[in-house]
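Across the two complexes that follow, subunit A remains constant while its partner is subunit B and subsequently subunit C.
Presenting the complex of A and B:
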């Protein structure tokens, strides 16, 4: 069956001349990838599941003791962990909603014939191409109350973006929105340009207003691709680490991944942090599944 | 097929060739430390050692923020990438009980290091558990939290007059914590973009703990009993509560946005004309007397952590000892290096290069004390330092301290008593978890 699935090899090609069959070429490409995946992803995943039921600490020689569900119980009873989850949820909602709004808005603006369209699009994509850590360091300087550009430009005086416990999370989300809106914009642009022009023409003939056209034609047709953007961004926002870690150390902005990092690599509570990682994994899987179900529904329409 | 065989053979040959060239430089040692000036001084000292013995010393560094993570990742993997490590004093418990450090007790006794090095440095950089007579490191870089200040601001006659009119005593280097607070308040002038004081507030590692300890110890408070691990009644005592309030009070007079500050920010407070006084480890003071890195170098002075209301005077300990890593293949070479390192001449050289020696003889010598504007304050401090817990689970204790103290200090939630009661309960639970208390 496999042989019929792939295009057969050109008999005059060099690979064929060396006596390599289709199957061996396929194996040559796939087996290293599968091996890599097993060694670096699947195996640690299963191994860490085992650790999550022990009190193992990688920093000592003490043997790991089986503690059953103790780690999970402790974590789910820890008010700090719950507050980390609440903070993360808030962050995901703010930052993904913001990116969707800004990204889709910019895409709508760009989806027309304007001069230098390609150039503008490229420029708008730049933030996305920077490294997270670099963006974090830059924005830390921009937000600085004493010499930061943002307060200077907005005339906010000594407003403390990152040092104010109530503001810190929004400041991190704002940076994330700046960085990743272009991603949503790019996907939206692709979706928008795929909407058939004749639908708009028909709407114009029927004298449909701009709102009606947007909600009845544009949005439904772009929705599937927007959903993909939302899935990607939600998963990414859920595991945001570098940006928040560099920008602020406010407990009110301590995302779950930062907590996990501290537990695993500063406190070396290996067993417990494995349990935590599994809780996070299950949550991300659940959320993604909801989205995927919804995406399929949207596509069916 | 023949082509493949030839290329494989060529590859093997190349690998062997590289292998042998590494083999030729067998006499070399790698020391792991954090990325900062003292590591460069240690490299220079290592170059001297190479001149004398032919053994090449490489000091490998990594930024402070991931020093702990990187070092322990290597230890936990039983890697032999490093032969020696200049590790934080808090690591002693994890390093020794985890089997990562070589036991240096015999070496210590043979060279009588308990008397050669300043007593506090031996107690906190070398011994674990406390008072056990077991030693795991040689004090290398002494360090503690001290203060720098703007001499020109302090000596301005107009300021002096205004200060005396307001507080009733002379404006001078603070004699106690109350004066520290008054001076901070006096210079806090947001409209002129001048602020009173720069302190540590970062809660990602030990910055907040070090800053708070400076107040706690000088107020006569303690983290707990180091031998029984009893914390209730120590960390939440009246003295400790007063100390936390005093430290929080100082936060009022810091520059804006001072909620994630550690050594970089605190030195910036002096170089950027932000604050009148700034808390920092002595190890970061060399760059403050260097005109290339501090435009106010001529006008920067230094003082030791002032006493609290009852006259107790202590400071939080920084600094590191050097340990031999038990997975190293060159432990004998490493021991030879340590033998050379503890010699008096070497310690003098080390101090001259800019390292903070722990050798009692060198510290007491007048040459050392007059060599820089801060050496005298350093000498005074090094005989009255106290440190954080050094148990293997110290990172959990640190995290709990950050978790409790930060929201109170920066966010203003709760009271000092509530904060420290909660911290005592957290610590007690952690010590219970590891079977240190019943």
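Presenting the complex of A and C:
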């Protein structure tokens, strides 16, 4: 009975009048979310694990046969898949390093008393708030070889940003850097403004130069929050799909998620693509774990 | 080591005047204490010497050179702050190394080691050298922060209330240590504090700052025995000097409301003290005696026992005054007692301006 339960609910409230306890209200809020999670996330996750051991194809009515680890064995022996992983790794490194460099650099510039600081910060944050697809479409226009603004501004003539197999991946990374540097900037700004001013004064008194101060005081104190930015961005970059898919179809820019998409929805190799998805998941988890371990170490120091 | 001069320094923040027309002269090797209440402008003065703040007007000289365009690094000062500002994430040793490591004036490794060892020994933090700074107690942190100042050989040591965040025992210990250190090094110290005990016990010279102005400058003895005005008299000393309104009648102090009288000696009188002039009589609590045959009767209002002595608050009508008496003196609250003062120790202040007649000349 609701009335016999220990409750902090206001007894004169309408909810109490209807015989609800705070526990039943809690359940009312939580259960739909949990159900949603189970139906749309956890169930497919487990179900796809099952599929990853079969030769199931969603395009046919043929029953799925259990093939054991065959899918995993094939995938890990496939040189094309490995080249996709290599491309993805290159993309992640370029894109995250670029975001870190630009984002932290801009944060350093903004971390002082300048007029309209709030306004400038807000403007700089805008790219981050756009949708990936919109950014992809816009940058496709910007990169356009014959009438794109980038070639016009840089005087590059008809340079093929997205159709050039050597350039395509860098072009996608550049777009990603443009879009997500603000995120790194935001986190860096928070970190930088948390460095107490008297430490800088003490360093000035101790006659430390700007570089010495930066590497001995600023960087160590901002490092943990930068690590968090790196974790977020690495995870995101690893699973980049939309941006790369919209911008280019060059095989040299075929990220693992694009390969996965093609395998699942163009070649209809459902079982194998499930196995692939699991490989990617395990990799992301592994990389994140390494970062988190490192982050904890940085924090301890 | 250096000789510091501040000439006609003014500093305003917006429309708040922090310092006005300040003149200071700190001799080479002197322990100078700047004493004042919170907000009096002590820290601003210190930061101006350090080069962290620019004066709105006036000049700062170090060894006779105008240092207006010099940054903190070029002035070669060491600063110890109240909030320690140790570099986090580093060990004590790394903190002490910090000022010695910048490339421009990098010292040989052996020299660095030697200086750190010496500083650690002086401050008795040798056992802490390899500990991270966030594992230290307040007193240890403050020692490290002093250590970081003394590993260098700066021209001036600037200290901004370095002891005020510490507990009483430690404060006492570090007070002695700092004073010894200064004498060993023969260094120039500019020490800022709101604690008059620190000022009295450490300073070769004390400057009392009030609302951005130096009210009085002199040796602790001068400041204590011959305060320039009633502000200094009531600020310096614990308990502060008794200040009683009255007037002078036939070489005797006559206190206004209750009309009690006390004798004055010729030594305390100056030309300005004419009969009938409204005055404030200042007397230190230790110069007030309780004696059975004394001229004035009072009620004991309050007794504070301090172990070696008792501070007795006496009430004569509405006038309260404090007397420091030996602890063995038996007094009870509301007990009638008789008291007198040492007529040689009375300081006379003008009633209107509060300035001591001796200083008004």
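One rule holds for everything that comes next: the second predicted complex is superposed on the first by the 280 of 301 C-alpha atoms of A that agree within 3 Å, B and C clash if a C-alpha of one lies under 4 Å from a C-alpha of the other, contacts with A are read in each partner's own complex, and residues count from 1 in each chain.
One rule holds for everything that comes next: a residue touches a chain if its C-beta (ideal position, glycine included) is under 8 Å from a C-beta of that chain, and two chains touch if they have at least 3 such contacts.
Computed from a predicted model, the values in this text were never measured in an experiment.
Placing subunit B and subunit C on a common subunit A by superposition gives a fit, with no clash between them.
Judged by the touch definition given at the top, the superposed model places A:76 against neither subunit B nor subunit C. Of the two partner chains, neither subunit B nor subunit C is touched by A:97.
Of the two partner chains placed around the shared chain by superposition, neither subunit B nor subunit C is touched by A:25.
Legend: residue contacts after superposition of the two complexes on their common chain; A:145 is shown touching subunit B, with no touch to subunit C.
Of the two partner chains, subunit B is the only one that A:58 touches; subunit C does not reach it.
When the two structures are aligned on the shared chain, A:265 is found in touch with subunit B, with no touch to subunit C.
For the combined model, the angle formed at the CA centre of subunit A by lines to the CA centres of subunit B and subunit C equals 160 degrees after rounding to the nearest 10. By the touch criterion stated above, A:284 is placed in contact with neither subunit B nor subunit C. Taking subunit A as the reference chain, the count of touched residues is higher for B when subunit B and subunit C are set side by side. In the overlay built on the shared chain, the residue A:205 is in contact with subunit C alone; subunit B does not reach it. Between subunit B and subunit C, the minimal CA-CA distance in the chain A superposition rounds to 51 Å. Subunit A residues in contact with subunit B (one complex) as well as with subunit C (other complex) do not exist.
Taken in their complex, subunit A has these residues touching subunit B: 57-61, 80, 143-147, 158, 160-165, 245, 248-252, 262, 265-269. Across the complex, subunit C is touched by residues 196, 198-199, 201-209, 212, 216-217, 220-221, 301 of subunit A.
Those residues of subunit B lying in contact with subunit A across their complex are 68-69, 72-73, 75-76, 94, 97-99, 190, 193, 202-205, 255-260, 272, 274, 392-393, 395-396, 398-399, 403, 406-407, 410-411.
Residues of subunit C that touch subunit A in their complex: 50-52, 71-73, 76-79, 81, 83, 85, 87-89, 98-99, 101-105, 148, 152.
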